[in-house]
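Pasting a structure here, questions to come.
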Amino acid sequence: TNACIDHQRSLRTGIPEVIYGASKTAEQVIDIASAMLKHNNPVLATRINQEKAEHILRVLPEFRYSNDAQMLHFRPTMFEPSKRRGTVLVICAGTSDVPVAEEASLTAHCLGNPVNRLYDVGVAGLHRLFNRQDELRSATVIIVAAGMEGALPSVVGGMVSCPVIAVPTSVGYGASFGGIAALLGMLNSCAPGVAVVNIDNGFGAACMADAINRLE
Amino acid sequence: TNACIDHQRSLRTGIPEVIYGASKTAEQVIDIASAMLKHNNPVLATRINQEKAEHILRVLPEFRYSNDAQMLHFRPTMFEPSKRRGTVLVICAGTSDVPVAEEASLTAHCLGNPVNRLYDVGVAGLHRLFNRQDELRSATVIIVAAGMEGALPSVVGGMVSCPVIAVPTSVGYGASFGGIAALLGMLNSCAPGVAVVNIDNGFGAACMADAINRLE
Amino acid sequence: TNACIDHQRSLRTGIPEVIYGASKTAEQVIDIASAMLKHNNPVLATRINQEKAEHILRVLPEFRYSNDAQMLHFRPTMFEPSKRRGTVLVICAGTSDVPVAEEASLTAHCLGNPVNRLYDVGVAGLHRLFNRQDELRSATVIIVAAGMEGALPSVVGGMVSCPVIAVPTSVGYGASFGGIAALLGMLNSCAPGVAVVNIDNGFGAACMADAINRLE
Amino acid sequence: TNACIDHQRSLRTGIPEVIYGASKTAEQVIDIASAMLKHNNPVLATRINQEKAEHILRVLPEFRYSNDAQMLHFRPTMFEPSKRRGTVLVICAGTSDVPVAEEASLTAHCLGNPVNRLYDVGVAGLHRLFNRQDELRSATVIIVAAGMEGALPSVVGGMVSCPVIAVPTSVGYGASFGGIAALLGMLNSCAPGVAVVNIDNGFGAACMADAINRLE
Amino acid sequence: TNACIDHQRSLRTGIPEVIYGASKTAEQVIDIASAMLKHNNPVLATRINQEKAEHILRVLPEFRYSNDAQMLHFRPTMFEPSKRRGTVLVICAGTSDVPVAEEASLTAHCLGNPVNRLYDVGVAGLHRLFNRQDELRSATVIIVAAGMEGALPSVVGGMVSCPVIAVPTSVGYGASFGGIAALLGMLNSCAPGVAVVNIDNGFGAACMADAINRLE
Amino acid sequence: TNACIDHQRSLRTGIPEVIYGASKTAEQVIDIASAMLKHNNPVLATRINQEKAEHILRVLPEFRYSNDAQMLHFRPTMFEPSKRRGTVLVICAGTSDVPVAEEASLTAHCLGNPVNRLYDVGVAGLHRLFNRQDELRSATVIIVAAGMEGALPSVVGGMVSCPVIAVPTSVGYGASFGGIAALLGMLNSCAPGVAVVNIDNGFGAACMADAINRLE
Amino acid sequence: TNACIDHQRSLRTGIPEVIYGASKTAEQVIDIASAMLKHNNPVLATRINQEKAEHILRVLPEFRYSNDAQMLHFRPTMFEPSKRRGTVLVICAGTSDVPVAEEASLTAHCLGNPVNRLYDVGVAGLHRLFNRQDELRSATVIIVAAGMEGALPSVVGGMVSCPVIAVPTSVGYGASFGGIAALLGMLNSCAPGVAVVNIDNGFGAACMADAINRLE
Amino acid sequence: TNACIDHQRSLRTGIPEVIYGASKTAEQVIDIASAMLKHNNPVLATRINQEKAEHILRVLPEFRYSNDAQMLHFRPTMFEPSKRRGTVLVICAGTSDVPVAEEASLTAHCLGNPVNRLYDVGVAGLHRLFNRQDELRSATVIIVAAGMEGALPSVVGGMVSCPVIAVPTSVGYGASFGGIAALLGMLNSCAPGVAVVNIDNGFGAACMADAINRLE
């Protein structure tokens, strides 16, 4: 194959190569996963839809699949032996944002972090968030996924002192432009201490959260 | 001159021609204002900076100028004899949004509306807004001006049942793109019952508020 | 499920949670609708295509479906007991804009407003609009949906004194950019007293109209 | 100098090289104009502000300057000896669009066309346009300049059978994006028989009108 | 139905309502066409793909279909009884631009114009165009369709004195952005006397050409 | 004044209100700073140019000004009494990025963090970065500022395991679009564990770094 | 057919017409290829998917197909008899960029160039590139294909003295905007001596490389 | 100072660090130039306006300044001792593009290349280019600078077999968007063998040309 797997990445950065499944065939995912297994590495694959997953599971039945997160994983607990400071809290604004939030939650979990979820608590009904202030305050790092106007990270950022990672989602229509409105909203957040990852990038948010929570 | 003033506009729409001063010289404003005075109309002019205002006031000393709103006006009370339902509440997110909020407040006032102001209560510190829920609830129509991520109208829209008019402001830098981030945020508001006007268009927001408050 | 339904929203804002069906499966819509029914709430769902609707109606046969508006509803008359000031007039420019106009009309109707329709009266043949000036003048609030250049709200806004809510539609091709041309045209309307909602957001326009028409 | 003047252009296209003055110094304009005069050509220069014009007129006192159109010209009647079909009608929406309309009117005049002007008749008060239907109907070709939402060419295009050339202007602020909103509106005009030139390009509109009016 | 057909349009503008088929079902096209036939009008429909056409032809077998132009027509010769000045020349840059060029050619033909075609003569091999200078010179009006960089109208505009109508096409990939690159190129043409219509709008170009060629 | 200072912000989020000086006059900055001093708070102001600073220092001579960072500060050591984990490393790509890097460095320092600087080590000469691997490895959190193509954070992110905060700068011209190219590059970083703040937002990057370094 | 093949192109530019297959049917490709074969020309076709290729190969069985490059070719060795200076090195960043890299590699090969491939060596693990410095240094011209942040050409450009041609790919999601992020990154490369072709344009990159390598 | 000069760059890439003067003060340029002189390097600085140049020349009187190219240089002949294949031909479309063309010409000259200039030969009068076919054919590499629609590189690319480097310029107004129209036109060139650099980047084009012409 044409792949040149970066087997040392985990040593350098704490996170090994993870398979990005969106533009790969089931066969290509199986090839790369098998090469990683030969090196005795744990394997994680994102953006695997149900159909592709079923195809892969027939060849690699020991893998586990999450339909909510569209992810496959195998031996993730091997990923990260070091201790963690605390809990990663994953928040999302609406029910349509759940897939992105789940990509973040499951990635963070696989990388070895305790994860807490708080879903469908968007700014149109903020009492849902205010009722959970204890959970907000006890988190070590918070990931907030939101589409449409993407206002939730600013509100959360104004309530807590821990780092907040904002994930714009492509949820919305018309002038949401596939997540651009949410992305711009988050980049312009009036709450300092908020940083942003790519649209729908739950995976990247979890890697950042992991790097923060992993600190020695 | 080249102007073809629409003297019947007030009869048709309830709001007469108002002078948009941004690209006009002091002389041009004086010409048009004088033509309106001859028809015995009240006169309002927006986007008049201090220097231009001083020049105009030397010729038309009976006019009054607001530096905060960058507006000139004369006999505005003549504008609108009809009764009003209630109060127009004008909210803004930060101190930099005040000029736009003032354009809205002063226009609404000149058009004959009781106006209430609530400034610098942005989402990074929402307790400032929650402490004023009574004022929010007693308004007949609310104008919310905000720049940067433009999240405030969604929060307000989730708290009240009256109509909310959102005004994005060009406050911000970088990825705020001169108000686009705020504009997109407001158009994608997850709170229904919010409608939007152009960036920095405090004047237009006030006209909409006036049309709502004027209803018989 | 992951949903955290905001059951108090109707009390706060006059409009309860409405199911946004676009990215939800029939099963998910059924789940959320059933939860709402248990609370004895009226139920409205938007962006439900025919196939999804048929699936849902087999489980919830008491619901009614409008193919024109792509909406499902049940007991909407319970939504809003309060009195209304007058009529909501819904105008659209071309026959391709009808689905958006119908989303607005049916939502306004379900929320308890008398609704009047005036369709296919775009600016290329303005006599069609001028022939109906009586209907324009007798409306309490007007919704105008238009795609392509989105000029119709400006023309209407120059003819009436009631509030005008403009809805850009994604009708068009090439440089219409999925509704951006119409959206920008409406935001820059030279007629004050016009406010804008998101592209294709007939639902939001109706909510704003309802808030205006509901005023005490 | 670095200029390579295309002296045959008039023979090929009916319109000679015209000096675009925006990024040229007064000296550069004088140089090119002098080279054209040596070839016994009529000379036209656009985008010449008053200060630059005064500088040039000191060296070339036989030139004439129009401040409204920001143009210099000399012997324009030599431009085009052929007969014309009829009149070029130049319309604009607001007083701020006049400079662009004047660039079109004066260019058309210099190229040998009878010109009629109809200014400040925008869509917010359409009776101003309807009162002048005779002038609209008697034109051979119509140029319509408008900024903001740029709706006027569609309305005109729906009223007449002659060709309509639309010129978006950079008049407006916020979401007008320096004329993009008007440009997109005009490109998406629902009135067929409308074609568009660049933002603020009164000169190009006049050249197109001239080519149409010049037809043998 | 919801259609409000503008039966007087032909009298006002010389071109009657034409059915835009893109977002309509075969049934909707049949309904509107039948209504027009009852008024004894000629009928033209654009953006009709083969499948839709076959469906329509089963009900309206007297209609004729062009697959190249994606158009249906019936009795087009009734459209326009008046005399024409000369020939409409339709040029396109590459073989992929032919569908747009054919929409222009067939529309111009149906409206009553003699049409000449010159296809696949793009700027990468300009000798193909230069070999046909006679045809260029003998045209009364020229339509030029081009995708990718859209340079062909500028080259043609520099060679002829008749009006040139530029049609950007959505042909290309990557940074062609569905025709935006070509559109911008044409709007910025350094050849005066070029005007532009919407991306892929062969129909609109033909209407403009017809208005020019129809002049009395 | 119109300011409604959020005095509790430091308690909630660990970072008090900081004055954003860009659109404020010297007088406005003095007013707000004085109000904060009365509450015995430390004061930080960003985006203060030299001229404005000199004006302010005449009234508040105890303040200190950094021309490199365009910041004013007073008693910053009061900001944050808690212990820090380690060092914040601030990297920038070229000499033109230094002002943004300095805004980050000085903010981080004022908030109580040990800061290390590594400037002008962009990707066109990567040996400059590789020679400093020890400093990279010993940092607790890294801020990377870069303009133009914004590639440096990806390279750094591939070398270290600590969190990386990327700051796009507006350095560049043409297709850099005032920092958009760098922003997009950073959002699409192929190195997980990188999060992004707004263009030129050195301040926000430092706040995020502080939140990470402050973790108990 | 409508094609006007430019048979002299090879003489003028060194590269004959190549069939761009994306928007052509199998029949159209067969027609044009057959016309070229009659002139005894070698034939190359790009953007031919497997299904289309199979269809074509049934009629033209002597053609060869590469699925990786999505290209068909026949007698390419006839393309270019002249000598070459050295080797074209084709580099790509990730496995998802391979199709674009293969379009470049196979085109360069067909045009008569020795080709060397170095795939999946992106900036997140730069040791993979540094280990191959000999291959970098021995190339006469280098093509670098990369998606997402598109940083690889800058890094390569800082390591070598030969010309570097950058090809942005549409690989990525969210704010990669179909290759715009990579395109902008490459245009803003801080490494001089880098030039860019269109997104996914492996073909054009190979043509440029061929022109460089062909130099006498 | 904060500069970390990459003194080995010339050895690696054939081109040393060149001072980008746009955002630097005269003092900063003098500092960096002096540091380079101490290493006995030749010095080149771009984007130096007349005022800044005069300031610098007072301190470093041995430098030479070109106002046309806005460049300073000293001992450039030391830059590149190796032999060159042939001539770099620099073409531009209009007189307003000359500054960018001169940045390219002078940089290429300083780097050791014979340079030939062909200015003001844009597509609106192509005979000016066709009259110079000999010069086009005898060049080893061609740089083409053009603003507005940026069509000239495609025309040149269709006439020659040597590599063509296209430089979009920011010349134009309205929908030229500061060079974007020209940039997109060049990226979509239908002439293969054309590669593009950043808007106004005459310097980068010359570096690419130098790398091509320097080939051993």
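Per-chain residue numbering starts at 1, and chain names A, B, C, D, E, F, G and H are given in the order in which the chains are listed.
Here is the rule we use: a contact is a pair of C-beta atoms (placed from the backbone, for glycine too) under 8 Å apart; a residue touches a chain by one contact, two chains touch by 3 or more.
Keep in mind that what you see is a predicted model, and the values were worked out from it rather than measured.
Shared contact partners of chain D and chain E comprise C, H. More contacting C-beta pairs link the chains of E-H than the other of the two pairs D-H and E-H. Over half of the residue numbers found at the chain C and chain D interface occur in both copies, marking it as a same-residue contact.
Remark: chain F and chain G have CA centroids separated by 42 Å (rounded to whole angstrom). Computed centre separation for the pair chain G/chain H is 26 angstrom, with centres defined by C-alpha atoms. Rounded to whole angstrom units, the spacing between the C-alpha centres of chain B and chain F is 35. Of all residues in chain G, those that touch two or more other chains are 9, 12, 124-125, 157-158, 174-176, 180, 183, 187-188, 191, 198-199.
Applying the touch definition to all chain combinations yields A-B, A-C, A-F, A-G, B-C, B-D, B-F, C-D, C-E, D-E, D-H, E-G, E-H, F-G, F-H, G-H. Note for the complex: chain F touches chain B at residues 1-6, 8-9, 12, 20, 22-24, 28, 32, 168, 170, 178-180, 183, 198-201. Chain F contributes residues 93-94, 122-126, 148-151, 154-155, 157-158, 172, 174-177, 180-182, 184-191 to its touches with chain G in the complex. Of all residues in chain B, those touching chain F in their complex are 95-96, 98, 119-121, 124-125, 127-128, 171, 173-176. By the touch rule above, chain E contacts chain D in their complex via residues 9, 12-15, 18, 85, 140, 157-165, 183, 187-189, 191-199, 203-205, 207-208, 210-212, 214-215.
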